[in-house]
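Each in structure tokens, the structures are laid out below.
You will see chain A twice below: alongside chain B first, and alongside chain C after that.
Then we have the complex of A and B:
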């Protein structure tokens, strides 16, 4: 009886210790991801190595739907509630989630695009799909870039370099 | 024979020839002939104008319908062209991830792949339905209507397949353990079949667009289709 009673006061303490242990780790992971930035990855056969932020914006806004070799651009966009999506919405689209949805609905209603961007639910999925869909372009946290993936320079800079815009 | 007032009267004893001659004598005959002819001509002209107007309206309706068909089928074609590479890529990736053990349960499948990716392309048939309702089809060439009917039937078949053929895992069903291998196999087979049917429909779109282009060219009224399928010039 005495032992059972003695556990009770320890539970909040254990939770607090757990929070103290996990909290900084999660924060560190988020900080690390934020520090590395978001990488723009294209299909390996796409003949593009470097884009300006304006060119990237035109592609992501579907104002440009074909690459230079006239192959169709397939835009893969991460589903909501992801760090990399927030960065892309802030830096490239300069829109909120609501504005982003309205933007694509409007585009489809005006028949300016055949369909909205393809939604992916994980960085792994985005990384896998971009390697098998010709003309695909996506974005993943720089730390999640798969080996062999083709990362595009933005304004001449790669993720992690000073002045890289997507971080 | 005359009455007391001196007016001529027609009696049965008058000669027939005289009666006829008297009937058709005077200047009213040419006038009535001219007027009758003019009335008949006017009626015929009004009928002809009415007929011309109706034909013109029918032609206009047919031209509008052809343009609308071109627009809708081009949009549907663009949607299929857009989704095709994604669908094939998705099938490959699901197979690879399944083989590596990354999709061990339906929860993992939904978290990684998502269900939205497995939905069929959104295709419309509003122009076909409108043409049926407004009666525009009888004014379009039979071969064109035949090609359109076949195309929209194929489209309806694809929609039916994507509705009824979608496996439980793709509909959000709960699968776990050993059943997962079979469930993923069903999804990849479904995606393969969907891609094949979409390819078939894409071929039908190409063919019907060629027929519509020919019909529009043959029709003197030029039908300017939208440039939705026109590829923009490369920017870089």
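Then we have the complex of A and C:
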């Protein structure tokens, strides 16, 4: 009984110490991901090396549905609750999650697009599909870009470079 | 309308069997959506009160070839005499490029922003009621258009210009028809418009539209030249603003007669509460003024002025509850109050 009483007051202290130990590490990981930025990756055969942010926005909004060689663009979008999706919604779409959903329902409803984006559930899935679907374009955290992937410059800059817009 | 019903039945059948086709390959070429809603109405108007089912709307979008797509929209409307199936849209489209899409079929006439933006997708629109100028069954505008349409997106710097240009069957004698029975007047109808989305203000769209037709509402009378001009401003970020204006000019092809004009407009404001963005109060003012002696609209009771106020609550990702109070004055009638509650949803099949 006496021992229990002596341990109980220490539990909050232990939790506090745990939070102090884990908290900075979690924050550091988030800062690291945010610092890397989000890379735009296209199918290796797509004849695009550089896009402006406005062009990228037109593609992601489906105002542009074809590449210059007239092949159809296939958009791969990460499922919700991912850092890279938040960046794309904030910087490219400038929409909340519900606005994003309604935007695509509306595009489909008006028959402006034959399909909405394909949803991917991990960076690996995005990286693999973008290499096998002709005309595909996707986004992944810059640190998760697979070797050999074709990363597109945005406004002439690659992830990690000063002024890269998808940070 | 047996042909129309057969087409609608075929479309619904296609909707029913399509999922199997869509799962056959990685790039599933078939997408489906289903919209519907239900309402409760209390009103001072002389119309039926109580619970009612909205339309059940089925959408099918399919890729037939890399540049060839088809879109089908069919509805089932619950009526006292039984359900009515209707083929609303059937569009076969070929994408030459982003700047040119050629389509043929039955469209939502691009003469009004609301008419093409929301139409049967009640969940998409903030309010329960459509504005009077585009209400279902209104003879004010040709809600549907049967013919061919060219559309395209043209980049202008970071901005986008969208155009539409089409030719098709004119209005039927009852004005509400979409020309399904063919071109009655002998002269085709033309529709066109441009929309501009400036890069500097994402979410803003400005547009101008026009519609030209020769209408024979009364086979015994002279045909009437119809010109409809429209303008819209849609600002969708929060707070949202939608404004539309339509101007109608009707001139009988008869010596000694003059043209008459009529007008319709609405402005709607909506605001998502910052602390509760799923909750959106809204208010709309609208009016329809019919010119004295209008050869097409006189006697149809189209004059209208109304204010609606309501709130939309998106309680789930694809479902919403809406409550709306309406204060309306119809033609020479007194002002009437109505209260409507509505639940709407969409079953999306957007994403793989």
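Side notes on the structure shown:
Heads up, the rule we're going with is that the second predicted complex is superposed on the first by the 149 of 167 C-alpha atoms of A that agree within 3 Å, B and C clash if a C-alpha of one lies under 4 Å from a C-alpha of the other, contacts with A are read in each partner's own complex, and residues count from 1 in each chain.
Please note the rule applied: contacts are C-beta pairs under 8 Å (C-beta built on N, C-alpha and C of every residue); 3 or more make two chains touch, one makes a residue touch a chain.
From a predicted model like this one, the values you see are computed outputs, not experimental measurements.
After superposition onto chain A, partners chain B and chain C are found to clash with each other. In the superposed model, A:94 lies in contact with chain C only, and not with chain B.
By the touch criterion defined above, A:44 reaches neither chain B nor chain C. With both structures placed on the common chain, the touch criterion links A:105 to chain C but leaves chain B unconnected. Look at A:54: by the touch rule set out above, it reaches chain C but stays clear of chain B. In the superposed model, A:69 lies in contact with chain B only, and not with chain C. Of the two partner chains placed by the overlay, chain B and chain C both lie in contact with A:119. With both structures placed on the common chain, the touch criterion links A:156 to neither chain B nor chain C. Among 40-48, 76-84 or 94-102, the region of chain C with C-alpha atoms clashing against chain B is 94-102. The interface of chain A with chain B overlaps its interface with chain C at residues 55, 58, 64-66, 70, 72, 74, 111, 114-115, 118-119, 133.
Residues 26-29, 31, 33, 35, 59, 61-63, 66-67, 69, 71, 89, 91, 93, 95, 97-98, 108, 116-117, 119, 121, 123-124, 153, 155, 157-158, 160, 199, 202-203, 237, 277-278, 314, 317-318, 346, 348, 350-352 of chain C are the ones that touch chain A when the two sit in their complex. Interface residues of chain B facing chain A in the complex, by the touch rule stated above, are 71, 75, 78-79, 81-83, 85-86, 88-90, 92-93, 96-97, 102, 110-114, 116-117, 121-122, 226, 228, 231-232, 234-236.
Against chain C, in their complex, chain A makes its touches with residues 52, 54-55, 57-58, 63-66, 70-72, 74, 77, 94, 96, 98, 101-102, 104-106, 108-111, 113-119, 133.
Against chain B, in their complex, chain A makes its touches with residues 48, 51, 55, 58, 64-70, 72, 74, 79, 111, 114-115, 118-122, 124-125, 128-129, 132-136.
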